[in-house]
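In the two assemblies presented below, chain A is common to both, partnered first by chain B and then by chain C.
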Partner chain A sequence: MRKWLAALLAAVSASVVAQETIKIGVITDKVGPAKPYSEPTLEGIQFGANEINAAGGVLGRKIELLIEDDQGRPDISAAMARKLVDAGAVFILSITLTPATQQQQNVTLEAKTPQMTPMNSGDTLTTQLQNPYFWQTGPLGSIQIATLLSHARSKQLKRVALITDNSDLGQLLAKFFRAGLEKSGIQVVAEEVVPRGATTAEPQMQKVRAANPEAMFMAGVLTPENVLILRAYRQMALKFPIHSSYNLSVPQYMSVAKGLLNGITFVDAYDPEKPEVKKFEADYRKATGKLPYNIHGYGYDGIKMVAEAIKRAGSTDKEKIRAAMQSLEFSGVMGAKGMKYVFPDGKRAGFDPNGMVVRVYEGDKQGRVVHVGQK
Partner chain B sequence: MRSALGWVAAAVLLSAVAFFLSGYYNDVYRKLLLWIALALSYNFLFGISGQVAFSHFAFYGIGAYAVVIFLFQLGMPLPLAILAGVLVCSAIALIVAIPSTRLEGFYLALATLALAQLFIVVLNEGGAVTGGTGGLVNYRLPAIFGVYITGPWYTAVIVILVLGTYALLRHLDRSWFGRACRAVRDNPEAAAAMGVNVARTKVIAFTLTSVLAGIAGMVYAFVDNTVNPPIFGLENAFLLLFMVIIGGSGRHAGAIVGAVLLYLLPFVLSPLIGHHHALVFGALMVVVILLQPRGLIGLYDRYPRGQKAH
Partner chain C sequence: MRDLLELSVSAAASGCIYALVALAYLLMIRPTGVINFAVGEWAMVGAFGGFLLLSKYEWPYALGMAAVLGFMLLVGWITERIAVRPLVERGAPLLAAILALLGMLVVFREGISLGFGPDPHQVPEPVSFEYLKLFVIGATLVVFAAVWLFFERTLWGKAFEAVALNRRAAALMGIDLRRVTVASFAGGAAAAGLAGLLVAPNTSAHYLMGVPLAIQGFTALVIGGVGRVEGALLGGLLVAFAEQLTVRYAPLPSGYAQGVPLLLLMLFLLVRPTGLLRARA
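Let's turn to the complex of A and B:
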């Protein structure tokens, strides 16, 4: 009788251990300014986690996502990181504002908990704080600009116009664009700003037209103002090509700027012709009934990399996961064909500087790749 | 003597709580205490002195950035950095307050709103001094007499800040100055006729409360050892206003109730109803303003209580 009981107890405890999940924290923004990016990234993470669990999980255990909303507020973000550490998360994925991710790092450094952002593009996230528990796999802002400028150089442009909005990020991007263009010997013949809340961009576009540029660069990040620029461009039947920042890769444009997009080029980290992307899109559609966008890919790659690092670590020991993550080489959905995320020599920003592409809108759809990398 | 003992007991009790909380709850508690300190000083400015200013949260940021810049970029010792931070806050408050005394109501709100916006622009454009959009990180509170104050011990520092703020404002409120502030708020002409220097009272109230916000900011700077522009965003200025209005404008207890309620609301509701907590916040605002214009503390006042024993 006793033997039976002991065997039963052993079986029960073994199944409890087998069923114990691996907890992975996600800090997202459900109400704040990062929401348009955070939401599809989270969907990508959830799809990836389901796929991993359907294939048997990691180390024989299922992945459990602990999702916290930081309301786009950096101070609350840090509190959420503490909550996830307390709850036993072995890895934290940060898919919120760049400063919020930065603020979480003080917690992950203190708690020695691996953390990664698969989508933030801030250039200083891995350099401001020496946090060996943090990685960034989204393309840096500087890579985006360099890729677009390399495309401009390949077009032998001499005189261009630059247009942006008055948001902090829009102003910052325009500053980088101008510096990069001038460094490449390309003259900026007109520079215009469309203020937030404007009802038309025609005055600005008339000035651009008067300067007669060979092309126009868009550095703005405010969707409604960018749509105004595109509308004025069409209404005035202008012919010079438009090259846009990463902002025009946000899928929202395909619905809010219908009929205005054909032929516009934009920088992106997603090549629809890549075999991994084709498989990802087919699987995602099969599982959810919807077509994923580029941003979903960031979340998908993020969770896959985390799972791979845990697998290679062979345990949920955070120190072992840290070491496995730092030595990881991974090819995923994002990036140009053949791109790998790597973290050589202790570097923790893993997106290949030549991994971005320039794509063109074909009709209202984000179309083919016309330029790769920054060479 | 008895009241001094009471303050010490409150400080010990409120600090002791931190030693029983996990990392997460301790962090939430710390930030809640800071919001209470801010709501208390903003209540004095808005509720008691009647100045509709939106610069209060910006001063919180000015204090936080100032102490970090003085300590780690100019290499000042801690006491000097704190003193310099207080001086910066006072100087900026005076620069805003003196011309603003000619403004009131809507115009004062606009002028202080402009300051709050300008502050964010300066932070973003400040280059290496403010760290730009990424802010300042990679620092820690220097050792005080060879000891690093961290974890729940730092929560005790915040408790002292909150109690100190409360004690000072309560004392002022009950003094001649507090009555002068209320008189200026209710009827400046009558106050002037009674011998109150209206302009001076306004300037002192504005500068004093702004410096208190700045000191709270200095304490905040070492909570996460990070300062960046979105923490001090303009929406917080409105949240602070809502805290005071919902709790009960002009009442210290009201400010505390409002701060606790609005700060904790998303933490409690988010696991239950997700991001719809923003909707509850809006509905709560409308209901309180329509049904209870004196704030939630007004409900407490209406609640019938037994006669005090004579």
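Let's turn to the complex of A and C:
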């Protein structure tokens, strides 16, 4: 009788282990300034996780997402990371503001828990702290400017204006834009900031006009403030070309900046002609009834990479996952055709420097790819 | 010269938006003493009302505007009933109402964020864009003239002033304090909602637009003075001109210029806390 009971207990516990999920933590911003980016990224992650689970999961186990909201606040983001580590997350995806993601690293480094941000663009995330458990797969700010500059090089620019907003990321991107421009020997003749909540950008654009630049680079990431800049540009009938950060790649501009967009070039990590993108869009639409856009792709690629790393590690041992992640090569939705995320020579920023594209607005529509990479 | 002329019209239009928000504060502060920082979120609600009726359902502008203003009167009334009156009836200090309204700020913002999502939404302009600033200035002047006439020429306006001067004496004279309070909140919400509706064609309607408007409106109120309706208009215009002329002409990096209105706010609080225009005796 005792033998039978022991065998039954063993069978039940084996079944429980087999059904135990693999916990992936997600730290998002549900109410703060990163929400417009965090929300579609999270939807991309959830879609990817559902797809993985429908195909049998990873290592025979389903993925379970543990979602925490840090409100984009660095002061509470580390506590969210600690909560996820304590809840048994074997990997954390950070889709919040760059400073908040930075703070979380203090916990993941100490707890030796793999962490990745699939969407933050700040160059400093993998350089300020030597955290071998952290990776970044979104296109860096420096890659954006290098790609834009590479496209603009044919124009032989000597004098340009730079305009941004006062958000953390807008300031950080402007810093990288300025450094890239100066490195290329291009003079920044006007540098302007449109603060969050402004009701006009006319004074800033008047200063830009007075400086008489050959082109203007936009590094801001706040959509309403960028729309103010574009409106002032059109109202003042300015003719110099505008080259923008990836922010103009979000589709909301097509509705909130109607009539203001034609001819503006913007850097993007999304090529609608790429076969992987076409499949992703069709699958997403079938599953949710909505058409995804580039930001969804960041989250989708992020969860797929995490799943691939766990699969290659062959276990949920965090050290093995770390090693598998560092040696990962992965083709996803984001990036130019044929781009792979790689982490060579211990680097932890995985977006290929030649993986971005430059697109142009044709009327109010995001148009064709006019340039690829930095060559 | 061209820049200065362009900027004058632009600053006047921005100043009118700040003035309407300042007016919303003033309408509530005068009779009740309550500073309602949720006015910025009321402006946001007005902007989203514009998006819903004018963009989504494509109502004629005049009808949509009237409906938004009517709805805002209701929003002000409800806010007063659920966040202020219960506290007043229990004898809570003024600070309790101010804090409760800060809570309402979060409720409005998150409600809009949940209902409409985090993305900005386009709100159509009432006239073509080249005349939008003139429309904003004209609409604001009409509102201020109407409010001024209300206070100066109507019995209800006198009742407001009486409550502002001495609540207890006004109550003893038979003025219904509850009515005055609820009317002040309804009027404040309508003024703030109008500010949101007028600014939204330029900035779009988005869930984070409220707090900056609340700060700019409050600065305008402190500079212009709480005591008189004209003070809100004067303060709004001064803040906008200081802001935009500094950005354009001061030898300061662009990022620093945005602090100038806040410096003005501190200066006025220190030197002339009653603002430029004092209340009549």
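Everything that follows uses one rule, which is that the second predicted complex is superposed on the first by the 290 of 375 C-alpha atoms of A that agree within 3 Å, B and C clash if a C-alpha of one lies under 4 Å from a C-alpha of the other, contacts with A are read in each partner's own complex, and residues count from 1 in each chain.
As a convention for this text, a residue touches a chain if its C-beta (ideal position, glycine included) is under 8 Å from a C-beta of that chain, and two chains touch if they have at least 3 such contacts.
Note that this is a predicted model, so its numbers are computed, not measured.
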- Touch check for A:P272: first (chain B), second (chain C), both, or neither? neither
- chain B versus chain C as contact partner of A:V31, first or second or both or neither: both
- Where does A:A210 make contact in the superposed view: on chain B (first), on chain C (second), on both, or on neither? second
- Touched partner set for A:P353, first chain B, second chain C, both or neither: neither
- Once the shared chain is lined up, is A:A111 touching chain B (first), chain C (second), both, or neither of them? first
- Item | Contacts of A:R231 with chain B and chain C, given as first, second, both or neither | second
- Message: After the superposition on A, what does A:E192 contact: first (chain B), second (chain C), both or neither?
- Response: second
- What is the contact status of A:A78 with respect to chain B (first) and chain C (second): first, second, both, or neither? first
- Query: Once the two structures are fitted together, what part of chain A is touched by chain B and by chain C alike?
  - Reply: 31
- Item | Parts of chain A lying in touch with chain B, wherever the complex brings them together | 30-31, 69, 71-76, 78-79, 82-83, 85-86, 97-100, 102-103, 105-107, 111, 122, 124-125, 128-130, 168-169, 172
- So in the complex, which bits of chain C are touching chain A? 3, 6-7, 10, 13-14, 17, 110, 113, 117-122, 129-130, 199, 202-204, 206, 208-209, 211-213, 215-216, 240, 244-245, 247-248, 253-255, 258
- Complex interface listing, chain A residues touching chain C: 31, 33, 35-36, 39, 166, 191-193, 195-200, 202-204, 206-207, 210, 223-224, 227-228, 231, 235-236, 252, 255-256, 258
- Query: Across the complex, what residues on chain B touch chain A?
  - Reply: 22-24, 26-28, 31, 120-121, 124, 131, 133-135, 137-138, 223-226, 228-231, 266, 270, 274-275, 278
